[in-house]
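Each in structure tokens, the structures are laid out below.
Two complexes, one shared chain (chain A), two partners (chain B, chain C).
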Partner chain A sequence: MLELRAITAGYDRHAPVVRNASLTLAPGEAVGLLGPSGCGKSTLARVAALLHRPDSGTLLLDGVPVRHWRHRAPRELRTAFGVVFQQPRLSADPRLRLTDLIAEPLRATGRRAEIPQRVAELATTVGLTPDLLGRQPHEVSDGQLQRACLARALVLRPRWLVCDEMTAMLDASTTAALVAVVEEYRATTGAGLLTVGHDRTLLHRWCDRTVPWEAVCGEEPVPAGS
Partner chain B sequence: MRFLMPGGRRVAAVADAHFDVAAGECLALIGESGCGKSVLASALLGLLPANAQTAGEARLGGIDLLSAGERTLARRVRGRLIGLIPQSPAAHLTPVRTIRSQLEETVAELTGVRGQAARRAAAEAVADRAAFPLDHLDRYPHQLSGGLAQRAATALALVGDTPLLLADEPTTGLDRDLVDRTVDELRRHIDRPDAANSGGRALLMITHDLAAAERIADRIAVMYAGRIVELADATAFFGSPGPRHPYSRGLLQALPDRAFTPIPGLPPELGDLPDGCAFAARCDRASDTCAALPPMTEDVACHHPLAGHGPEHPRPAAPAPEDIRA
Partner chain C sequence: MADTAVENGIRPGTVWRSAGPARRSTRTLRVRVSAALVALTVLAVVLVPPLVQLDQQAVDLAAKLQPPSWAHPFGTDDVGRDLLLRCVYGLRVSLLVGVAAALTATVVGTAVGATAGAVGGWVDRGIMRLVDTVSSVPHLLLGIFIVAMFRPGVWPVVVSVALTHWLSTARIVRAEVLSLRSRPYIDAAVSGGASRWRVAVRHLLPGVLPQAALAAVLMVPHAMWHESALSFLGLGLPTHTASLGTLIQTARGSLLAGQWWPTLFPGLFIIVPTLALAGLAGAWRERINPRRRSELML
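Here is the complex of A and B:
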């Protein structure tokens, strides 16, 4: 169970982007959060993935409040989350080969021994060929790079997936392929999913339920940058 | 169009592309990312890197764009014959100058309007045509939202009253409402040509957003692995009888409001294309004949084009009964 209660968050204490937002995800549930650009949905997704400390409000993971935030939450909690961002170019280290990109979370958590087997397994799942795995981000297309970013999100077998506009930069076929990978992972592991986006048709097709941004926020949200 | 790579390797980015766009018409060039769409656009503007080789011709207003020299391109083509609406306006606009100053410079350069007051008026007129709010003209690009930056870039492309507008992925990363607005505005610019351009203008839109293409285009060109594999009327393509190339059919069936089934596999590397049909490895109708390169016949390049039957909404993912599986 992932519960966000009365979350207020932003980048300036005097002008929070998200005000008083509440959202609950049951285990194994796929929830789509719909909102226009600039409404603060990406910030809320970052809070839900424990990557951004809220100014106020509580986040409960299986009934236990998340404590000891610094900028982010403690790592042992964060490893339960896999996150995929909108822009693969910005979320991938340009110097790493795709294989190292996928293996990075294993390296960071001291599980190097699992790398060869896990990377090979995931490369097949997301449809990357051995040739592509040896390349750097500038040598592959956006779609191929996002496949690697999804593999990186799955490498620690997270219980929760947070996808922030994962498919916004991609063509229809790659979108359908990546959604199929996420759904297959959820079917085998029972992981929960929070996906954030503005494409109503896609989220209705993909998720168990969709929530409009207005229903999440207690107050009128303040659009970012205005 | 080929690229010479280090070590003598050659990459054929675009091959045998034949198409035309008439005044008052919109042609949408669709295909997966990395299939060569943007290379084609760069070629038309003469913006290819030095290691590129081109063959063939692209005629516009009596000039062959592919063989024209840099001098011709700079003085007569860019901004005057072709207006470019870029993929990411935020990166296209100069970050340290206001929109007004960029528009006025473009007006002075392209139209020969003299005098500060006249330039100012001309810049405001063109901003108005692109539906850019006049009270935002004194802002810098980083102070604009994605939608407004897109309109600012469109205004710059409209200054020269070009007969051809070239839009390279104009809707990537915008939300659905903004996509619809951007696309409708583009359509307005070709439907209602301004007085100065009585012949009307043409729009070549490069996109992977099928919903945007459906909304705006008169005709569709589908590109796969550097080749145009199908040319079709937009109404027939998105409605009935539907696309005829298996790749186009697969693209449409990947949409979330249709079957939502991806095309299996990945597109081939442009540097390592098979001799025959490039799609054969991913095609469920491939047969021995696919080892040869399919010629473009009746606007489709496939040995076994699909007969038209309208892809009505959620069609089953299973192939149609008449399919012959190889």
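Here is the complex of A and C:
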């Protein structure tokens, strides 16, 4: 259960990007958040993924409020979320080979022993050949890089996935492939999904329910299942 | 026929495709020439003193101010010392001062700039106000003040140049860290469980190193010029120590009398190695911070 209650967040305290936003995700639920560009949905996604401390409001994970924020939430909580961003080019460290990119969360959390097996497994899942794994981000296409970014998001087996316009830069076949990977992961692990985008058709077909931005930012919290 | 000629001449894409290899070959030519010159410099500086058993200080007043000849390829100075030998020894001292000062300044600047940028908040504000304060004092004046506290020698010059030149590196590194810090890949690393320290060491520092290294290499000639300025004022190296700075300074008088060689050769010894170093630095930056060719072509 992931609950965002009356979240106000932004990069300047006097001009918040997100005002009084509320959203609830049931365990294992896939929710699509629809909104025009610039409305603040990416910021809300960053808050939901515990990457940005809200100015006010509460975030509850399984009914327990997230505490001890510094700029970000504590590590044990953050790693429960896998995040995929819109632009693969900007969300991959330009110096890391794709295999290191995917393995980086395992290194950061001190689970080096799992790296070879886990990377090989995920490369197959997202459709990256061993040849591509040895390349640096500037040597692969946007679609291939986004596959690696999705693999990185899945490598720690997160209980929640946050996809911020994951497919906006991709062609139809890569989009379909990545959505299939996410759905397969959710089917096997029962992970929840918050996906943010402006493609109404895609989100309607992908998610259990879609929520328009106006409903999230209303005065009243949106009841589940609306 | 005419159609074929036109087709062969300006086929769309021909220019585009040939631009790649041409760029690459000039780049490797630049790299090769630079590398050769840098290697030559290093070899000269390292090998000549032990191999050539000649005294660079040997005074021969009978042969003073001779133009370049077979016996003295660079001519002689105003007390008859061989200028080629003096130039090599001078390059040794100047390079040592330049490289040591640039390295120290870069390490200090990178540490300060990265701390300010990565920690942020009041630490950042405090550090940058300190940087502004030190920058507001003319740096040659500050350098003179620092070097005057010690006896003349190589290390006081290094300390003086380093302590007055870390500021620009600190600013560059901080700006770079700030721009990198807001990239989604930092968010992705944080989401993957990376600590602040890991983000700084694994993602931010490698990102700023090319800029810092470039600043360091470009600072080497500047540091060499500072050494000569301080030496000229009598605060840097003692005049009997050959450095490119002291050589040019002592040659000033003879230049007015028409003797060009005591100024020209030390001058070339400053310009050529520093340009070669800068050429290598540029190629290195491209290698470490790869951009896609399409982005470079824009």
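Going forward, the second predicted complex is superposed on the first by the 218 of 226 C-alpha atoms of A that agree within 3 Å, B and C clash if a C-alpha of one lies under 4 Å from a C-alpha of the other, contacts with A are read in each partner's own complex, and residues count from 1 in each chain.
We take it that a contact is a pair of C-beta atoms (placed from the backbone, for glycine too) under 8 Å apart; a residue touches a chain by one contact, two chains touch by 3 or more.
Note that the structure is predicted; figures quoted are calculated from it, not measured.
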Open item on the list: Output check: A:95 vs chain B and chain C. Expected answer is one of first, second, both, neither. What do you get?
Closed with: second
Open item on the list: I'd like to know which partner A:202 touches here: chain B for first, chain C for second, both or neither.
Closed with: first
TODO: Tell me which partner A:174 touches in the superposition: chain B (first), chain C (second), both or neither.
DONE: first
Open item on the list: After the superposition on A, what does A:3 contact: first (chain B), second (chain C), both or neither?
Closed with: neither
Open item on the list: Going by the contact rule set out at the top, does A:78 touch chain B (first), chain C (second), both, or neither?
Closed with: second
- [ ] Go through the superposed model and pick first if A:29 touches only chain B, second if only chain C, both, or neither.
- [x] neither
TODO: Using the superposition on chain A described above, determine whether A:55 touches chain B (first), chain C (second), both, or neither.
DONE: neither
- [ ] Figure out whether A:127 sits in contact with chain B (first) or chain C (second), or with both, or with neither.
- [x] first
Task: Interface residues of chain A shared between complexes with chain B and chain C - done: 86
TODO: Mind listing the chain B positions that touch chain A in their complex?
DONE: 31-34, 145-146, 172-178, 208, 210, 250-252, 254-257, 260-263, 265-266
Open item on the list: Going by the contact rule set out above, which residues of chain A touch chain C in the complex?
Closed with: 46, 49-51, 72, 75, 78-79, 81-83, 85-87, 90-95, 104-105, 108-109, 136, 138, 149, 152-153, 155-156
- [ ] Report the residues of chain C in contact with chain A in the complex, numbered from low to high.
- [x] 183-185, 187-195, 198, 202-203, 206-207, 288-292
- [ ] Within their complex, state which residues of chain A touch chain B.
- [x] 36-38, 86, 127, 129, 141-144, 168-177, 179-180, 198-202, 204-206, 225-226
